[in-house]
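Look at the two complexes coming up: chain A is in both, with chain B in one and chain C in the other.
Moving on to the complex of A and B:
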């Protein structure tokens, strides 16, 4: 009778392994080849690509730019998402309306919204600069200056993904038991004390999960950058994925882009594992 | 089982008594309204832009039709083959087919695997259940760019490049980890006693799963389905690299509009109509959230 257990697991496991494993092994093999426009095919080039990669400053700055972008936007999303979840948790008029509204950006297609955002950031025809002028902040060269282009990418990422944090944290808030709140009230704890002693610890586990999922997804940023800035101006918004895209699918340096991909993947896995361990230690200590 | 869910629902009901910060109340509403404005800003802009023509756009940022610019339906008519845009009927149907096809396959395979992992013990070499579950979920870490070129060659070898079937195959790898992630947790929250009762009544595992467990897993299936549909419908990169012109999906068709002389009106109209179905999904998500159905699934 327990033979049947394989009927459950194996179809999915085999399908996923078949679809993922071939590309992964193939990429590793290609990364040791000199495959490019002039020499297509799996010639053996040794570790040439990996040596080149270590001297490629554009790659390393794309990686550090990606880390800055991912960590800063995810933290902002977390803080904003948490604040929004707390605000529509209870005692608010029309809270179901606001809950739906706050979820909407997450449902929209990132590239399609980026196309819209591009028109919003347009320096002369877009609506953002007139608005900023009106509230005396002044218009900015959004997509043509390095700093503002980076800020534009951040704004779009925050708009798109704060709802995800909001969703998970609100679901967590709604599943909190009410007894500790009664206890806190009886003990005379104020709202701030109640938040740090009851609410935040109760959401620590779900916070770690939400932050990790978002960091994983943010480390892959490509769509938004592709549409909004094409990595520019210059290389000001070029993320690791976008740089690999340029090397692989624009310049057609297949072998080199494979080496970049494998390095990128390894760095991501190592970094995310360390971050996960640290977060579990500092945020969920003393709990399950 | 009904007793269990009811008592769970009771203890999860929203706590009533937390003192509200009176002085902060205004600040709270200001914050909520500011964020709401930020959320709706791109949608309102797209809506008003979709009724402009070339003149309306080049006159600078205007919001009010009739008063600030002369409205035109050019943008909307271009969606169905009118001038200055692109016919998005085919891409729309393609997107629906790929999203639904890949979601159904991913949820079927993912739910089966999740049930297996939740109820039986497996060992493949050094890999135990937790490792196998992690293997499934960890596929989400894989950046699309790493897989793009091998996928291209793989689909080429299979003759599936630029076809719906090829895209569905790739999207299954993208979506199945989500289905497994949601469903393993969900099955773990269904008491094992339920299975054991069915076994004692003489059901084999497959019958137990289909007749007893699956009906109880409906909320989890809805959540898994929602996430699969969101991530499937919204993907751009694979649709972009693995198709040319025969099998265009919606995001690709719309981004293609962006490249040449940008017809903002057609762009806005097509953007609005392609995000519309999933925006409606937000209502479903909220209903689940309020009933506490999401809490179990996202933990």
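Moving on to the complex of A and C:
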């Protein structure tokens, strides 16, 4: 019945194959080749790239660094975003102004903002250290010591993406019905208990969504690292994607970087699936 | 448990305006302890405003609310010992049924052992004992409504239970059951219950006193029978009873009030103010034979209602509706209806003349 329907589905299917499947399959094929700057082309190298990858400690440490960076920044973004959303949720003075103000970082271009932040963090010329000196905290070697450089990347990430959390959570807060709050009031619950019994469960589903979107985005972090620290000092801020970029586009080890990419993709899919399942189980429970 | 006194109560959302539009016009009412009341009226008539004032969610712009003589107007909702069931079932979605029921007691810092006992008792009473460990969100709408009622009942200090159209979202067959439970709870716990509704059947079957409201004003307050027999205004006559009361324009002729074109009249009271007159009577009072005044007319419509039918009769541009036994007449035929004298009510300017 209606066999012609396949005809109408065909353009979509072709586009899908061309856009998603072809690059993926091509990358898989490249990952089994020895394509590099000396021997370009789709030669067959077997699983050589994958064997090398398992012994590449720089890759694995970049991956664990990325996990730390992604999870910690996203959690901080969530807490800050939630706090900001709660602040401008109810009738406060000039809340429209604040709602727009909080969104500004998200609307800027990451690379440009990273350049500005690099200037701010500059140890002798930037404005941050003199400010810290003035309030007795003291200036820090922001981009030249491993710990502080990592913190600097975190700060920029949090600054740039907290507005996204803020936006989603504020939308969630505004969509909450008023009756549960009246009921909580009648039941005699204080503000803290009301938050944990009504507001937080009410936003559980949207929280899972927001956290997942941000985790996926944060795992791809490249531009901030590239501009701010170039993965340095040493390898202190090198993330998985940045390392893949170095191997592929700086060293031109195309085959090897393809193998790194595929491994990275598989690890991300597995990890994010597990995280999503866990979050749904613990946050959303039987609510949906 | 408490007697609720609404003392010179009125509310305007803009009390300082030159012409404060009252959402609730001034009233003075006493609701007795342990009784059932229904606030009945169309949407936007001010019944929810009144309920929110009693529960403390809204501060009245004028007057006071007294519980057992104690002024609670300035008191917070949480300290008024009021329970409220909302139109949409409100449950704490992340909690089990038991945790939901325990919530108000937990907020009041009752010892755990006592909470457990109380929750089990109330769950047993509401038929929720088997569901205690289930997640409250997994329940059906009527069970959820019972849980939110239960949150009020677990508190031993509750003065009154306010029900804000609690049956609107419930399936028709469960509505009946839930109404029965509410009634039983009232008798058993001797709790003052105030039901807000726009469904007259709900109000008539549930409450001992029905407060009919319209445009922010209490139009009539009384028992179901009183409202049915002698509606204070045209509005009440239309709102209570199905089909609505018949109202026919009338004029004064000497000692009689007469409906022109129909042989319908009643004795004129000694003193009568100026304004349009109407004679009103219930469709249920109309009979096919018997003593009383008779009206001839042509049957223009018939609505089937099981053992009875509602018959619309027209005569000289007037239409009358009557509730008659099924099969009493045929469409298009001419019939003669009689209305007993005692069933007639006189209205002037839309208000009953006694």
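Quick note on the criterion: the second predicted complex is superposed on the first by the 271 of 288 C-alpha atoms of A that agree within 3 Å, B and C clash if a C-alpha of one lies under 4 Å from a C-alpha of the other, contacts with A are read in each partner's own complex, and residues count from 1 in each chain.
We adopt the following convention: a residue touches a chain if its C-beta (ideal position, glycine included) is under 8 Å from a C-beta of that chain, and two chains touch if they have at least 3 such contacts.
Keep in mind the model is a prediction, meaning the values are calculated, not measured.
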Exercise. Record, for the superposition on chain A, whether partners chain B and chain C clash or fit.
Key: fit
Quiz item: In the superposed arrangement, does A:188 touch chain B (first), chain C (second), both or neither?
Solution: second
Self-check item: Superposed arrangement, angle subtended at the Cα centre of chain A by chain B and chain C, nearest 10 degrees
Solution: 70
Exercise. Have a look at where A:202 lands relative to chain B and chain C in the superposition and call it first, second, both or neither.
Key: second
Quiz item: Touch check for A:71: first (chain B), second (chain C), both, or neither?
Solution: neither
Self-check item: Partner chain in contact with A:212 - chain B first, chain C second, else both or neither
Solution: neither
Self-check item: Contact breadth on chain A, by residue count: chain C or chain B
Solution: B
Quiz item: Once the shared chain is lined up, is A:279 touching chain B (first), chain C (second), both, or neither of them?
Solution: neither
Exercise. Could you say whether A:257 touches chain B, chain C, both of them, or neither, answering first, second, both or neither?
Key: first
Exercise. Could you say whether A:45 touches chain B, chain C, both of them, or neither, answering first, second, both or neither?
Key: neither
Quiz item: Can A:177 be said to touch chain B (first), chain C (second), both, or neither?
Solution: both
Quiz item: For A:267, is the partner it touches chain B (first), chain C (second), both, or none of the two (neither)?
Solution: neither
Quiz item: Once both complexes sit on top of each other, what is the least C-alpha distance from chain B to chain C, rounded to whole angstrom?
Solution: 7
Quiz item: Residue overlap on chain A between the chain B contact set and the chain C contact set?
Solution: 177, 182, 185, 190
Quiz item: Which of the residues in chain A end up touching chain C in this complex?
Solution: 177, 179-180, 182-183, 185-190, 193, 197-198, 200-202, 204, 285-287
Practice problem: Please give the residue numbers of chain C that touch chain A in the complex, ascending. | Solution: 55, 57, 76-79, 82-84, 86-88, 90, 92-95, 103-104, 107-108, 135, 137-138, 148, 151
Quiz item: Where on chain A does chain B make contact in their complex?
Solution: 1-2, 4-9, 11-13, 15-16, 19-20, 22-24, 26-27, 30, 80, 83-84, 87-92, 96, 98-113, 115-120, 124-127, 129-130, 159, 167-168, 170-172, 174-178, 181-182, 185, 190-191, 194, 205-206, 209, 216-217, 219-220, 222-223, 227, 240-241, 244-245, 248-249, 254, 257-258, 261-262, 264-265, 268-269, 272
Self-check item: Of all residues in chain B, those that touch chain A in their complex
Solution: 11-21, 28, 31-32, 35-36, 38-42, 45-46, 49, 57-58, 60-61, 63, 109-110, 112-113, 115-117, 119-120, 122, 132, 136, 139-151, 153-154, 169-170, 172-173, 176-177, 180, 204-206, 209, 230, 233-234, 236-237, 241, 250-251, 254-255, 257-258, 262, 264, 267-268, 271, 274-275, 278-279, 281-283, 285-286, 289-290, 292, 294-296, 298-299
